[in-house]
Each structure stands twice: as structure tokens, then as C-alpha cells.
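What follows is chain A paired twice: with chain B in the first complex and chain C in the second.
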Partner chain A sequence: MRSLILTTATRYLLPLMLLFSVFLLFRGHHDPGGGFIGGLVASAAFALHGFAYGMPEARRVLLFDPLKLIGVGLLTAVSSGLVAPIVWGRPFMTTIWSQTSIAALGKLGTPLMFDTGVYTTVIGVTMLIILALAEEDGDQEEEAI
Partner chain B sequence: MIPTKFLLILPILVPFLTGILAVLSWHQRNLQRVVSLTGSALLLVVTLILFQRIDRFGPQAVQVGNWQAPFGITLYADLFAAIMLVMAGLLGLAVGLYSLANIDEMRQRLGFYPLYQILLMGVCGSFLAGDIFNLYVWFEVMLIASFVLLALGSERRQLEGAIKYVTLNLMSSAIFLAAAGILYGVAGSLNMADLAMRLRTAPVGVVTTLAMMFLVAFGIKAALFPLFSWLPSAYHTPPTAVSAIFSGLLTKVGVYAIVRVFTLLFVQDQAYTQAILLILAALTMVTGGLGAVSQYHYRRILSFHITSQIGYMVMGLALFTPLALAGAILYIVHNIIAKTNLFLISGITEWVGGSYDLKKLGGLYVRQPLLAGLFLVSALALAGLPPLSGFWAKLTLIKAGLEAQAYLIVGTALLVSLLTLYSMIKIWTQAYWKAQPEMVERPLPPRGIGWVIRFAPVMLLAACTIALGLGAEYFLDVAQTAANQLLNPSLYVETVFGTFVGGMH
Partner chain C sequence: MHEAVVDPRLLPVLLSGYTLSLIVPMLTRLLRQMTGWFLALLPLALFVQFLTMVDAVASGQILTANIPWVPSLNVNLSFVVDGWGLFLALVVTGMGALVIIYASSYLQGHPAIGRFYTFILIFMASMLVLVLADNIFLLFIAWELTSIASFFLIGFYHEKEQSQKAALQALLVTGSGGLALLAGFVGLTAVSGTASFQEIQAHSDLILQSPYYLPILALILLGAFSKSAQFPFHFWLPNAMAGPAPVSTYLHSATMVKAGVYLLGRLQPTLGQSSEWFVLVTAVGAVTALLGAWLCWQKTDMKEILAYSTLSALGTLVLLIGLGTELALQTAVLFLLVHALYKGGLFMAVGIIDHETGVRDVRQLGGLWRQMPWTFTAVLLATLSMSGLPPFLGFIGKELMYETALALPRYAQLLTGVLLLTNMLMVTAALILLVRPFFGPPQEAHPHHKTAFNLWLGPVALGGLALLLGLLASTEAIGESLVAPAVSAIAGGELHVHLALWHGLTPMLGLSGLTLLGGVGLFAVHRRLQPGVVRLDTAVRRLGPERWYGWLLDGLLRLAGWFTEKFQNGKLRYYLLYVLATTLLLVGGTLVFRAGIAWEALTLTPLRLPELLLAAVLLAAVGVVVQVESRLTAVAALGVVGYSIAVFYILFSAPDLAMTQFAIETLTVILFVLVLYRLPRFDQFSSRRTRLRDGVVAVFVGLLMAGLTLMAQSVHVRGASALADYFIRSTEPLAQGHNVVNVILVDFRGFDTMVEITVLSVAAIGVYALLKSRTFHLERVRAEQTAVAEQPSPAEPILPQKEAH
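Our next item is the complex of A and B:
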């Protein structure tokens, strides 16, 4: 049961939503947004793609195993806290900012790294849940986890 | 040498990183097992280094994120916290090793090892938390991991136990959170060092009310009378490795929190709070002891004894003398080791005997003399026979009780010791001593790698029990130093704020 309207709309919406999620991620430190909400928007994009083209297709465009995304995301978030103690000898999670600011992105720093970790983890968790629920029907050959 | 401010975060970071690596190696089960065991061993090393550092240089504090207290997140470790962390590391390794043989493939595929590490992270975080809200968060981390560990595998009786466990613990969390909210409204801070100063000038009635709310919240987690009913109905249902780590650490985190808040924060109306604690301690001892006597299920007997023994720890706190607190600390250490070991032994007994039901077991002394011997060491330690660890812990508590002229609680403690001895002897005669009941002959399990993995942690913990008994002088010394630190709240405040604070005491 594939809807032409949905598949056509999704083809345009998927890149737009992913772009918007990255935008939310980058503006998150000082303005509303951030890794969590960005990750949710990105997962919504993948979920939409799954509804339009089927879950195996969503799994394919996700590129990575959701479990791996969770692991890598958490690792990134923890590493952002470890920069300060290892490089500068400050307490864990002390924020470190770069001196120069980059066009369109603003200043880079460990909070952005932390947010990126959150972003990745949220995509992993949300997609793990959505894929597990959607693939439970039994008409998919792949196992949930 | 690791800088102290970094060392203090490591007991949280090591299990967290191990858990993450275990998630990343989800599909390679052998790699995951290696990762988990290495992480547990590393945690023990880290906690031992931390203990040695604090033993030498006194309490340490670190402000995570470099925001100054009371605004930032404070981690604080004194000798008591360090002792508890070492216990978490020791159990993490022992039970982690045992779980390699005890946890079946299905539970491993459902994520046992990541959850196990997250549980350890929550426990270590609770011991280190320097403000009430973070304590709450670490409790939640620990509880959510424990909910899943308890229900993992979804056997019928497991879910039945899990429902009771989850419901009561969620209630406890709600009360804890409400109490934290009111506390913030009253004092305007949740940083424990800051609170210790601010609560001196707060109205006594309000503070005592808050103290009781925290007592209920922590009392549910510590399984105090009359809030303990979730424990005996849940702890015997999951695999042995899970009940062993639960019995060793989770209730003790509750006890730790009670000790922490009642030595640091709620010290205004001591006559009132200590009287309540004393009554609760006595009732907890008696009901737990009597509950155990009526049981014939190996692990249920042990579960009731967890409750009973919490009473002794609270008794030490309620007497509130340096010696009594030292006794309580010694008792916690002794109990964590002996009780966890008994749970592990119950698992091996089930492995070789085929059941947890004492009526169906028998003859194991003849067939498994080593197992019977290891049981005897831990059981007699629990009952408090010299020269094992329980004797010195109980002796210290009773001596403190006599010095404080609290004869009623001393009498109760001695009487409950007899009950403990009685139920340990019951297990001994039924499972190990009596002739095997007329049943199918069970073949002896092979002495392969599975045997070594199961017996090595039990031997390690039994050795710890004996060492604790034989080296009692050193351990009592450490416990007394820890107790003196607990009884000196200004030390906490000065360590956290980094300056001398006048006007305390």
C-alpha cells in the first residue's frame, strides 16, 4: 500500500528535515534547539521515510545500526567532558571554547561536541524503538535487534 | 599519579565507558564479556586507589564543570564513601565474573552486560553525589537499570516480583523528589554542604518533617520496617547473579543515604529522630529474622535476612556515638561481602542440587564438601561467630549500645543473632547435612571452566570475610576514622567550599 503523495513528499522532506535538524543542533547552545530536539527531528525524518518506503528502506538510509549510533553518541558526549581534564587538567565537563569563531557556525567548543553526542544518541534510541515496533508485524524478514 | 579531582570522577566514568563499549560490542558476545569483566576489574582498581588516597589525605571534593559550589555539581568522597566504593568495585568484579557462567545466552543478548555496568555507575554515583538532586538522579539511574535487570527474561514469577519492586520503588522516588522540592523551598539550596549550613537556622519543625520524608523515601529503598515487603517478594526471582548484586549493593545505597543525611543535614532534633530510628532498627531486625525463620526457600531466607541486617546498620546510626557509627560501617562492609557470597553460594547449590527448595535438597556436604565449607564460612560470619567478620561488627555495635545504656536494643540485637544462627543452621542441615531425599540421582557437574568461574568469586569473597575477621583491628581503625569524619559536618563543608567555615558547632 504505497501512497504516491507520501512517497513524493518524503523525497523532498527527508533532506529538508535532516538539514533543519542539523541547524537546530548548531544553534542549540544559546538559542532554543540543541542536540535532543535536533535528534528527534532527524529521527522523524527517518521514520517518515520508513512509512513511505517501508522500514528496511529506512534502515538502509540510516546507514548505521541504531545500537552503534547509541554507543558512538554516548562515547562522543563523554569524550567532550574528558577534553578538559586530559588536555587542561581542569575538572571533568569543564567547557572549553575555541578562540576564533567560524562563519555560520559560531564558536566551536566542547558543548557542541556534547550536543552532537546527544543528537546521535537520540537518533539511535528513537530509531531503535520505531524500527522494533514497526518490524514486529512479522512481514519483515529482519529481526528487531 | 592521577590528579585527585580526576580520580574522583573515575568510579562513575569507568562503568559508564564500559557500558558504552558493551553496547558497541552488542553482537559480539565474547568480546562483550571480556569488555564487561575488564571494566569491572578496572573499577575495583580505581576505587582502591581512591580509598588509599582518601585514607592518606582526608576527604576530597571536586566541582564538575568547574562551577563553584553551591552552583555546580559537587562530588564528595570521605572515608565512608570510599569504603562503599571499594565494596561496589569488589562486588562488581566478583558478581561480574560469576555472571559469565550464571546469565544465560538469551539474557546476554537482551543486554545484561550494559545494564550491569550502568547499575554499577548508578551505585557509585550515589556514593559520590554531593547534592540532593544529583543523589536523586543517581538513584534513578540505578533503579531503572535494576528494573530492567529484574525483569530481563520475562519469566512469570520474575514479572510478578518486578511489579511489586517497581511500584514501591517508584513511590519512594516520588516521595524523595517531593521532599527534595520542599527542601529547596525551605533552604534555597540542594548542595549538601550548603544545606548543612543553611538548615542550622531553619525552623526545627519543618526540618524534622523533611527528615521524616527522607527517612520514608530512603527507608523504602533500604527495606526498613514496615516498608520492606517488596524485597522478599522480588529478590528470589531473577538469576542468582542479579539477586547477588542487588542484595549486596542496592539496599546499602539506601542505608548510605540515610546515614549521610542524618549525620550531615538533619541533626537539629536528634532526640526525636534517633528515637524513631532506634525503634525502626529494632522492629526491622525482629521482623526480618522472624520472616526468615518461617521460610523454606533458600533465597527467600536470605532475602529476609537482608532486611534483618539493615536493622543492625540503622541501630549504629541511631545510637549516634563514634563507636556505634564505626560499628555500623564495619557491619555494612561485613554484610555486603557475606550476604552477596551467600547468594552466590545459593546459585551454585541450585546448580549442583537442582533446586532452591530446602526440602528437595540434601546430601551436599558429602558430594560437595568445598561448597559446604564455603557456605559455613559466610553463614557463620552472618550469624556473628568469632573469629569471622560478623563477630567484630556485632561486638562493636553491642559495646556501643551498652555504653549508651540502650539495653533494649542490645537485647534485641543479641536475640536476632540467635534467629540468624537458627536459620543458617536450618539451611545447613537441610541442604548440606541431611541425607539426600529420594529423588533422581543428579550427575555431578563437570569441573570445567564453568566450575572455576562459579567458585572463584565465592572463594574470593570468603577470603575477604576471613581477612575482615582476622584483621579486625585495622578495619575497626579505618571505620572509626570514617565515623569521626561523619560526625564532623564542618569537615564536609570545608572540603566542598575549600575554606574554613566558622560558626559550625
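Our next item is the complex of A and C:
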């Protein structure tokens, strides 16, 4: 069952929500937002897309396998902690900030890298479960037919 | 006094093994059969590096390197090369090179030879860190790494059940000892206030007078004894011989099992000044020495003979270090080298015999000296050194042993007797290993091909070295450059060591002669005595420590099984109940009876109308959730609860939390809907009473959480009147951010967040695996069904033979 309203709305909502999630990620250090909430918003966007167009389509839009997203996310988070000991010889997870700020993004630093890791992991985790559950349903529907 | 010099070579030298181990899988594919020779270059180069340090160390320098790692916990990458560490480093790298060359032929063509190289390199690097670490926690880490490498190497033939069991046993025994050791180290650090061996040694009086001296000593001895296979932990070592010959040679005779001996030597100046040390270490060493020797001469499997004689040698080493006199330490250092040389050679030689003939039992071997001349040469040299015949290094070792025992102020006769008996049995074992396989009439088992050069190189080189070092013993190279610095690193102060083959007609020479006579005598009768002795031992074994290990392991598994059955019965609601009830008891108990809420420190704002209304909505929604019959309604009501809480966050100006709550609620509803789809009709499964119980627990958990929040609000932190004030004031200066919530998440408690996302990932993968395993199962069932449907009925069998006609 496809709803025309849902599919049309989703077509515009998906890019907007994804943009919004990245926006949340970047502004997190100074204003409401952050990697966790950003990741949730992005997941909600993909889930919505899935409900409108079917889960295989959501998987295609996601581009990456959720399992890989989890791995990459965790690796990014851990690496952000390793920057300080490897480059500056400071203890693990000491935060390092750039001195100059970049247009639209602001100052870059290891907390942002860490938050990006959280963002990626959250998308991976949420989508892994949602896709697995929804595709289970697909199986059952087929069985019912 | 020693002069400390920073040596930039140390760190690359110590870490090179780990680096090389990473690219081994690639190298084995690239170099194929030459991999062994290539990899052996590393230990060889390291051996040469360490040789160049000998002069500096002998002249009284100690070489150091220090890199802070976790300075706040006293864990640093600090290394010290002194005489004792250098001596062992030479043994580790020298043996390492020979063993890798030997293994390249011994395991040639084995599909997992790459894995072998990887672990042997990791082991070697860890062993080097172990013997050169100045930080005791660094030593501990290396200690555990050697145990883990040993686990994988013993279990190299992992398809055999015996190997699996032996590997697990070795890991459990040495691992448990390792835990005791860690506790002892923590105690040592707490009492002395430092984690550096050098500084701990300077505080030895502080440790001796501490009330914790005995527990610390006991814990450290547990660790050292289990690692060095001392009684009653000795049983794991003979079982560990299930590993391939190069592993037995390297780990379980020459190096890893000496780690305990090394540590005892390292700590002897710190802990060794008490009678408890003397009694415990000496007695355990003596018992192990005798026990090993006694079990050794009655075996017929050559590898077992070697295993038990290794036990005996380890016991002797521990005994000598327990005695602690300068002469005893000198003997221990020299005997360690003697043993590494002859035992390493013998293990390799026995490996060759096993490799070429497929047999290790001396009863099925004979007359091999003609067919295996190189192996014979190696065994001849090694056994002569083992028996302590001049001019081998073993002779000097034995003379020193007797000299030590005779010069003791206490128990001189008793310990001389112990050593005499042990050495006699060692001579018998050496004769069994030499005479039975190589002389006499040839037996059924014979070598299938010529022994490869790679195989006999190691044992012949080690045997030759035992002879050469014996001949050179009176020169300065051995005594002054190698042994003296090692002894002085333990005993402190400058000292001189003069070794000589000929001391004149001394009591020691008499005892050496007696040892040989006794050993030959026992060899002459051993064939007749052997069956009786074995029967006696089988009876004793039933009550021995290996059985205790079995009982402990069984008990542990049964306890775990009972626990799992009791508390993890597969019903989620009980899991939840246990977790919540435990939290209530522990956290709630602490809150009510120990911590309490400082009500006077709380500033509570007055209630406002919107809050009251929202609370009413929330309560009503909760009422709906627990009362309704329809699942979908329950989920919707739960959503109302969640959104109401989010509105609360907005009312109290926490937009971050509100947004997160909204997103979470939305996704939760989605997940619920996806799951609900699959559940059976909504039924009342639980009785009224259980629901009442759950309700009570739920209410109390809610109260607990509210109480915890109030308590956190009333706490004073670093001058600020409350947690909130502290974070608001510190966020900008400490973390360069304005958003307090996010800064707390990614910075103040960033480590927690990292662990949380890890937990989240593990949970997600768990859910995924559960779902997928079900799908997988369904698919298989479906496939089987179609297979059954497509199968031809038995009434019309297809006969393919007909088509052949």
C-alpha cells in the first residue's frame, strides 16, 4: 500500500531532514544539537523514506551497509581520542581545537570528530534494527500470500 | 653505583617484534619457504644489538628509555637494561632466532604456519618487554601477553582435543596466577608509592615493615609460581607439551617459564630479606625440583622426560633464588643459561626424532646414531652438559650448586641432599635420552628421510655452545661480562665472578662424582623399577593437584550453569525485575542510609499551572498504558508519556533534551509498530498479584530516580553550589563550548559516551543476529521442504547405471 501524500512529502522531507541532521551535528558544541540527536533525525528520515517507498529503497538511499556505518562510527570516535596522544603526546581523549575558524562550520576540533563518530554510529544502529525488523515483515507478508 | 644512560635504541628494539608480527601473513605468502630465515633475521639482529650493550652494562651503566603512557595511574613505557634483564634478553633473542629457523622446517607445509610465526613474534616481543620493563604494570601487561601467546601456541594443533584442553589449562592456571600477581603489584605500588622497580627497590625497608608485607608476598609468589610451574601448579607444564616442538623448546623450557624465576630475581632485593620468603621460596623450589626429577626418570615418552626435567630445573632455579646468597644467585644465573642451552637443544632434537620417525617412546627406538648423525651429535653434547660432565658448562653449574649448598649457614646438609638426589635423577634422565634411542639394536621405528639442515642447526649450535662456553668459562667473557652484571643487578653492589673448570680436589668434585655414579646406577636398574614406580604414581596422581584443578573447573562450570538457569531463564520480564530490584536495593539503600538528600541545599521553584496540567496528562497516559487491552493504544499512550516529558524539558529550558526525547519517541513508536506486527493477540498472561508486585517495583524505581536527581542537585562540587552551576561556569573555559549538555556528552564524560555507543552497537548487532538467525532458519526449513517436494517418489527410482549401458 503506497500513499501518494506520503511519497510526495517524503521526496521533499528526506533531503531537508538530512540537511537538518548535519546542521544539528555541527552546531552542537555551542547551540542545541549534537551527534546523537543529529543521528536520530537522520535515521528518522531514512525510516520515513522506507515507509514511503519500501525498505529496499531506504537501503539504497542509505548508500552504506548499516553494519559498516557502525564500524566506521566507532572507529572515528576512538580515533578522535587518539589524536592527542599520537600527535601531541597528551593523554587519551584530550580535546584539541583548531585556532582558526572555518566559514559556516566554525572551529574544528576533536570533539566534533568524536560527535561525527557518534552521529554515524547512531544512524548505523538505528537503521540496522529498523531495516532488519521491517524486512522480517516483508518475509511474513510473502508467507501470508 | 649504577649510572643511568638514556638509550634511544631501546624502544624500536622492543617494539620491532610486534610490528613484524603484523605483516607476517603477507610475508608468508610472498616469501613462502624463505619466510623462516627472513623472520629469524629480526631476533638475530636484536641479539647482536643486545650483545653490543654487554660492555656498557658490565662497566656499571644501566640503559633506560621512558615514555609516559598513563602517568596518572603510574603506568609508563619505561625500560631498564641492567645485567639481569640483559642476560635474559640475550637468551630470548638468541633462542628465538634458532627456534624460528627450526620451525620453518618442522612446520613446513602446515597451512597455519603464518599464524605460528605471528604468535611466536608477539611472544618474543612480549618476553623482551617483560624482562626489560622497569614499570611493574608494564611487566604485568607483557606477562599476560606471554600467557595469551602461549595459549595460542599450545593450541596450535587446535583440531586435537588434547591440545585444546592443555591450552585452556595453561591459560587458566597462569592467568589466575597473573591476577594474583596484579593484586600483589597494586599492593607493592600502594605501599612504596611508586611503580618503578628501581625505586621500589630503594624503598624495600618500607615494604618489609608494612603490615601488608605478607599478603603482597603471597600474591606475588602465587603469580611467579604458577608461571614457572612450581608445585602445586606444576601440572600445566607437562600438558603444555601438546604444542609443537618449537613451542615447547622456546616457551616451555627456555624462556616463558623462566619469567617467574626472573621476577623472583627482580624482587629478591625488595622482598627477599624475610624468613617467610626464605622458607616459602626455598621449600617450594626444593619440592618442585625433587618432584620433577622423580617423575622424570620413570617416563618413556621423551618429550615427557624433558617436560618433567624442565620442572625440576625450574624448581632448582627457584630454590637458588630463595636462598639468596651471592653465591646462590651466581649459580642461578649460570644454571639458567646452562639449562636453556641443553634443554633447548634436547627439545629440538626430540622434535626431530618425532618428526622423522613418528615415535617418541624410547621403548620403540634404538640404534639411531648411525641414521641420524647430526641429531645424535646434538643429543650427545646436550646430555653431557645436562649430566654435568667436564668440560661442559653444565659441569661448572653443578659445581657451583654444591658449593652454594655446602656454604649455607642453615640447612646445608638437607639442601645438599636435595640437590644431590635431583642431579642424580637428572643424570639418569640424560642417559635414558642418550642411550635408549641412539644405541642398542635398531627398532621398528626409523627415520623416513634425511634430517634437514634447518632442523639440526639449532640443537647442534646449542650443544656446541654448551661445550664452548664451558671451555671459555675461565676467561672474562662469561664470568665478568655476563654473569657478574646479572648477579650484581639482583644483589646490588659490584662483585666479581670467576668461573673455572678445575678447582682442585674439593668436596664439590666429590659430590659431582657421586652424582654421576648414582645416576649411572639408577639408569642400570631403571628398566626393572620403572613399572612399579609408575603404578605407585598413578595412585598418587588421583589425589594430586591436577585433580584439584579438575574439581575447581567442574565446580565453576556447574555454578555458572546453575546461575544461568536461575537468573537467565529467557523471560525478559524477570531479567528486568532482577535488574531493577538489585538497583533498588543497592542504590536505594545507599541513598537512604548513607548519602541522603540535603533538603536545605535545594532551591525548588514553585509549581506553575502548565506543569500541573502536563503532570495530569502524563499520569492519565500512564494509566491508559497499564489498563488498555489493545496494544496499539498502549503504544500510542506510551508515546503521549514520552512527548509530555519532552514538553517538560522545554518548560525547564532544556531544548537539547527535548529534541532528543522527541526523536527517540518517534523512532520508538516506529520500532514498536514494526514489532507489534508480529506479536500474537494481546492477552493477560500475568496474574493480578504479579502485576501488583511489578507495579510496586516500578513506583519505587521511579521514586529512586527522583531521589537521585534531587541528591545530585544538592551536592556541592568544587566550590559551586550545585552541579549545574559548576558545569555552566566551567564549560566555556575548559571545553570552549557554549552548549553545556553537548559539552558534557562529548567532553566532560566523553569516555562514557564512547562506551555507550559501543554498547549500543553491540546491542544492535545482537538484535540483528537474532532476527537474521530466524530468517536463516526459516529459509533452511523452506529449502528442505522444497527439496522434499522435488524428490522423486520411491516408487520410481532413478537408476543412473542404466544410462551407462
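By our rule, the second predicted complex is superposed on the first by the 137 of 145 C-alpha atoms of A that agree within 3 Å, B and C clash if a C-alpha of one lies under 4 Å from a C-alpha of the other, contacts with A are read in each partner's own complex, and residues count from 1 in each chain.
In the analysis below, a residue touches a chain if its C-beta (ideal position, glycine included) is under 8 Å from a C-beta of that chain, and two chains touch if they have at least 3 such contacts.
As the structure is a prediction and not an experimental result, all values here were calculated from the model.
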| item | value |
| --- | --- |
| Which superposed partner A:95 touches (first chain B, second chain C, both, neither) | both |
| Which superposed partner A:32 touches (first chain B, second chain C, both, neither) | second |
| Partner chain in contact with A:115 - chain B first, chain C second, else both or neither | second |
| Residue contacts on chain A - larger count, chain B or chain C | C |
| Partner chain(s) touched by A:72 [first = chain B, second = chain C, both, neither] | first |
| On chain A, positions contacted by chain B and by chain C | 67, 70, 74, 78, 89, 91, 93, 95 |
| Touching residues on chain A, where the partner in the complex is chain C | 24, 28-37, 40-41, 43-44, 47, 51, 67, 70, 73-74, 77-78, 81, 89, 91, 93, 95, 97, 107, 109, 111, 114-115, 117-118, 121-122, 124-126, 128-130, 132-134, 136-137, 139-140 |
| List of chain C residues in touch with chain A within their complex | 68, 70-72, 655-656, 659-660, 663-664, 666-667, 670-671, 674-675, 677-678, 735-739, 741-743, 745-747, 750-751, 753-754, 757-758, 760-761, 763-765, 767-768, 771-772, 774-775, 778 |
| For the chain B and chain A complex, residues of the former touching the latter | 3, 5-6, 9, 13, 16-17, 20-21, 23-24, 26, 62-66, 73, 109 |
| Chain B contact footprint on chain A (complex, rising order) | 67-68, 70-72, 74-75, 78, 82, 84-85, 89-95, 145 |
